[in-house]
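Both complexes below contain chain A, partnered by chain B and then by chain C.
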Partner chain A sequence: MNIAEHFPALVIVIPLLFALITWLAGLINRAFCWVIALTITFLCFLMSFSILNTVMHTGRISYHMGAWEPPWGIEYAIDYLNGFVLVVVSFIAFIVTLYSRKSVGLEIDEEKSPAFYSLYMLLFTGLMGMTITGDIFNLYVFIEITSLSGYALIAIGRRRNSLMASFNYLILGTIAATFILIGIGYLYMVTGSLNMADLREKLPPLYHSRVVLTAFGFFTVGLSLKLALFPLHIWLPNAYTYAPSVVSAIMAATSTKVGAYAMLRILFTVFKVEFDLNVVPVTKILLVLSCIAIIAGSILAISQTNIKRMLAYSSVGQIGYIVLGTTMANQTAMTGSIIHILNHALMKGTLFLVAGCVVYKTGIEDISGLKGMGQKMPFSMAAFTVGALSMVGVPLTVGFISKWYLATGALKAGMWFILPIILISSLLSAIYFWRIIEGIYFAPAVSSQHSEVSTYRSLDHHNPHPVSRSRDDAPPGMLIPTLILAGLCIFFGIAAYIPVSVAEKAANMLLGGT
Partner chain B sequence: MKDDIIIRVISNLLIPFIQLYALYVLAHGDLGPGGGFQGGVIFASSIILYVLVYGIDEGRKRAHQKITDVLNSVGVMIYGGIGVVCLFFGGYYLQYGKLPLGDLKHASHLGIYGIEIGVEVTVAAVMITIFFEMAGRKSD
Partner chain C sequence: MVEIVHSAAPLCAIGVSLVAVILMVISKGYPNLREFWTIGASILKFSIVVSMLPTILDGKVIEYSLYSILPGLDIKFRVDPMGIFFALTASFLWIITSFYSIGYMRALKEHAQTRYFSFFAIALSATMGVAFSANLFTTFLFYELITLSTFPLVAHTETPEAIKSSRRYIAYLLGTSIAFQLSAIFLTYNATGTLEFSNHGILAGKAPDMLLIIIFILFMAGITKAAMMPFHSWLPAAMVAPTPVSALLHAVAVVKTGVFVLLKVILFVFGVDLLSKLGVGTALAYFASFTIIVASFIALRQDNLKLRLAYSTISQLSYVVLAVALLTPGGITASIMHIIIHAFGKITLFFAAGAIYVATRKTNISELNGIGKQMPLTMAAFTIGVLSMIGVPPAAGFISKWYMISGSIEARQIPFIIVIAASTILNACYFLPIVYTAYFKRHDNEIYNEEWRMLNKGYGMINLNSEVRIKEAPPLMVVSLILTAIGTLVLFFWPSLFLELARMVVGVVI
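Take a look at the complex of A and B:
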């Protein structure tokens, strides 16, 4: 048996089975859960890396579940695009798991921690499954696994608001999933196939059929809801604000990205580029929506006082960037879009992890409470600064790379009006991040009694001690993962050719090249 | 309802047959309608009947929380585990034909039985858990 040949199945099956084993191990000793989750996410990262490596050398991998030939059986198909996304998702999951031990100990009840890690692994399984599958119904199943575990994870914290946030997400998420299922049903009705590659071949003669057009509409709306494209983003800010820090970090960094990936798959693999451009003006619609998302997300972020909520609104804007690149349908912009999946995961991951560090140390979630933190938590705040500069798009950070590709792509497509939008949004994010950075480094420290009431108070952490100037940074277990992500924000900003070489191939493939 | 002798005797009489029928539905899943899911629901209904007659506390003595919680996971692990075992015998994930259980036909047949048993265990345990959770909720 050549084990590497089975990595596409194992990368899903192992976290799925260990999600349950984690829970059972938690019955014996709760400390096992974190160790298992860490080992498994690391293992999956290695396997994903090996899969991507194989894909880069030998091209598309197709794994047949139960040896049933596609299009009848379920096929796991990995090409440049999802090989890349698999590595991103598993890496972020590994880093967040590494970070999670202390943070979970603080924000989640002790007896719920086995359930937390079990759900966390299920979320991870779902995200990996959505990415790896080449079967459209299997995609739906994994969307449901991701969503259901996501609802529970948002609600698992101690705050009552999180229940309401989770419930709102449940309603909207269910609508989204139902829309996607209806779309799948319609496509199956006219083609009799669920395999993505097979649908790609069978659909073109039916492009003007009303059933296919309806299916496409349902897909677009359903997926836009899942990835929180601007007018459909309402569930996102509350969900990210009230979820435990670890959950906000993993969801902000991976789950909307995988939603964006699923949209790319439907738009450019199941349907062909010609359909998106000529039959339905979907690229134009998404172009307008994503431009609005970029501006509106940034403006809404400026007016926030809660740091996690501000980051959530900034995510809405960043998702706009990812969608924007796909709508121009040229290779450069598409590369920018794909690479932004990685880049946004890195920088938003960094920022949310820092927010978690601050909550862990002080219980402060308010932006005004960050004043003078530069002395107290120098390393966390350095990571925050790197993440913030990335979001603004300063050269030598990853944010610059994606914006560069998007801007040159826009010029190639002759859409000059995109440039001012990117520029304005960068300025707006400079405003809302500078406000914080100025407070961190240049404002005198205030004691937390005088700052706004901290929104988060945990039971066994009842001393949000006054912010003193003495150094008191987060414990190394939280600091190291945060700094790794922040370091990668700079590393991939300089050594950008590494992810770009993969993203270019993926973009070329999506747009119908070889 | 446990004071009513008719209900008690009849349900005592019915429960073993319901459980036997659940196993029959499982075993005949490949020939007739049924399978692990349906069998699991039928099995759970026997426990639910017992709880309706004897009350939640008596019911929990028969179906301990620990046991149902563990069985929830065990079923899935039987399912996934069989898939993984297939890998060791040189097949793809869930390719039962490669299991060393006789020729292709028998191996496939027995493989899918194993899967169905896994489904039955999980479905029964989850149904029982959901019922206890809903029934045990205090109105507030």
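Take a look at the complex of A and C:
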């Protein structure tokens, strides 16, 4: 028996199991939690990588849970698309865990840290599960695991606002999950199957049945809520702003991406492209919504004064990009979408990690507080600059690659109006990021502002550092992960062929090729 | 078919100043060592460019493919006559500007000098990158790098005014390049499937005329570095930068990159034939004429010397555009020649403006009465620069005007001859008064002395120590500006090398 064959099960089972063990270990010594989380996420990253490698060589993997044959048993089906997403999610989770030790120490009460890591592992399990599963009911289960652990993680910080944010998210997340469950129920009602591949075969004759159409509607709305597609994004800004930095980073970088992945699965695997194009004009609806999301997200981001909230609104726009590429049913644009899952995870991950570094060092969350920070925290700010340039889409960064694919894809599909939308949004992001970069490097630090903008300082007993302009960057434990992500923003902007080769195959597969 | 030589020389020419940046940052505690790297890099860069010259004059082309990010997105360099022409100009003037910069920055005891010299070097790398790029993507890449690397130079003083101006600078340059130039690149790629420059253009027959015209307009609007109206106001804003930056970057490297890219697009993306067929060349020429005249009128009203020079630059850049838009051999020759001729003339004028500032802290023309007696060398060089701007022999400006007029005649476009004539008069109107002020108006001290004598007549008092004395800027600066002034004269008497290169370009594209 080869252990590698069981990796698909292990990437789920191990973190699930260790979610509990972490908590128990935390009762003995709280320091264990971080070590365990780090080891497990790293292990899952290696396994995901090996899975993707196998997929690239041998094609789709179908793993039968408990050796029950699909469509009766639960199937874990890994192809180019979710192999890719698995690697992205596990890698980001590993990097964020690496980063988390100091940041969690500051932002979360010490006695809660075992619970934090336990929930963190659960969130990770849920995200991996949503990605790997080939069964729609199993998908629902993992969505719930992700959401529930997400609500708790947002609320775990010390701030009162985070409770409100978490509660809002809870309400909307529950509606989303319910919608998805209803969709699943209807599909099961007419086909008697829960397996995605099986549904794909069984559904076409029923495409015009009202039940299927209703189910499809519930899926679309539910998933749009989950991935925060405009105008269903309202839970996201508060959640990202008030969550602890680590949670904002992992959620911004991965959980909306996995939501987008789930949307892709439903739209293009459970249903076929013909359905999306001919039966229900869903691609047109999503096209319009995503265009609005891109512009609205960027405009809203401009008016923010809190860094994390600005990044959150920017995420709303970026999610628009991911959805946009899928709606053109064109291979180039679809590649752009899939590659943007990785690219946005890298850029937004970098930016949120930097925001966390700043909070750790100074307690500042306000954009105006970043003035003169280029001298105080040169490495963090360099990472921020890379992330920001990437968001603007400067060549040689990952942002340019995404835009290149989306724009050329749109032109190939004959959708000219997409081009100005993409470019205007680049301009808008240039505005809201440039304002910060300029302040970082070209404005003197204003010390009097710090007392007003400090959010954590009053609560914070661990961090007696005075605010000054002398060099005082984040500790290496936070800086190194941040710089790794920033470095990858450039690396994959240059060596773009590595992710693109996978994304192209995935796009081809989704659009009904081989 | 042109013979292609594969060589990494263009990459070295680009890379040498990037390596120097690392050395500069390392040796930032030792100003002399740091400046040594700047000088060393500039000389080495120029030598590398010169070493490629014989190959190009043989009619060969040097190519180097660095890396392909994705199909269609290649970072590739090609050294052709036009590229080497621009590279020679920029890299040669960088050497002189480096000396000048050292004199200027030290005389004023400026802050953040390491940042200044580092970004200066990066900007020059990027300029070489544009000069040698073989496709639109590489061009765009280095075009953006120039914008980003010159931002810290414009914002150098970090005063609120500098921050405000640099914001305008970045908004215009980055904004239009993303909004218009990048969309033009996307549309070009979509129509042709390639971004590679080609001698007769790549767009001919690839798209409906209407779309071609749209692409053309997008390119023209997107290459804002050429400072055509209405996207010109970043250039006066950039004048808050230290004067060496205004001199090399905002009279030579940055703005010439603009017109250079514009020429590349006109000649190697669209092609002369296609543009004549579309008839947009003449429209562009009218636009350029508008800029020439209007910018000159605005220049008339500027009292700040650097601002007047900036508006003059806007006007002169449009000469380049006007000349190429004629789409005739004479016009193309004129536009290429004007790149170097204006570079030498305008850098001399800016150097002089900087020297005046360092020596006297004066920035306005109205304060320059009698400055010619105080700074004779500087003002002599300034006068040569002025003659070149107006186009009076024996300054090089005459050559480009000559070709421009012959180009207009070839194109049978009499209106443009009138434009050139009118703008020459305007040039004279806004430059000659400066020279007049400098030499023929009496220096404040002289007036003061006279009044003093009148007042004290008969009292036998000796006037105080206020004779007009020669007080030039530091020697490094004066030598630099004399060299560029001499360059302006040399270009008039021995323009053959550059004319030959220009002729090679004309031979290839027509």
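Odds and ends about this structure:
Everything that follows uses one rule, which is that the second predicted complex is superposed on the first by the 498 of 514 C-alpha atoms of A that agree within 3 Å, B and C clash if a C-alpha of one lies under 4 Å from a C-alpha of the other, contacts with A are read in each partner's own complex, and residues count from 1 in each chain.
Rule of thumb we're sticking to: contacts are C-beta pairs under 8 Å (C-beta built on N, C-alpha and C of every residue); 3 or more make two chains touch, one makes a residue touch a chain.
Quick caveat, the model's predicted, so the values are computed rather than measured.
Superposition of the two complexes onto chain A shows chain B and chain C fitting side by side, with no clash. In the superposition on chain A, contact of A:31 is made with neither chain B nor chain C.
Of the two partner chains placed by superposition, only chain B is touched by A:67; chain C is not.
Once the two structures are superposed, chain B and chain C can be ranked by residues of chain A touched, with C on top.
With both structures placed on the common chain, the touch criterion links A:46 to neither chain B nor chain C.
When both complexes are overlaid on chain A, the residue A:23 reaches chain B alone and has no touch with chain C. Shared-chain residue A:285: touches no atom of chain B or chain C. With chain A used as the common frame, the shortest Cα distance separating chain B from chain C works out to 41 Å. The intersection of chain A residues touching chain B with those touching chain C, taken from the two complexes, is empty.
Across the interface of their complex, chain B is touched by residues 1, 6, 9-10, 13, 16-17, 20-21, 23-24, 27, 63-67 of chain A.
Chain B contributes residues 66, 69-70, 72-73, 76-77, 80-81, 83-84, 87-88, 90-97 to its touches with chain A in the complex.
Interface residues of chain A, counted against chain C in their complex, comprise 389, 392-396, 401, 404, 407-408, 411-412, 419-420, 423-424, 426-427, 430, 434, 438, 441-444, 493-494, 496-497, 500. Chain C makes touch with chain A in their complex at residues 67, 69-70, 73, 137, 140-141, 144, 148, 152, 155, 158, 163, 166-167, 170, 174-175, 178-179, 182-183, 186-187, 189-190.
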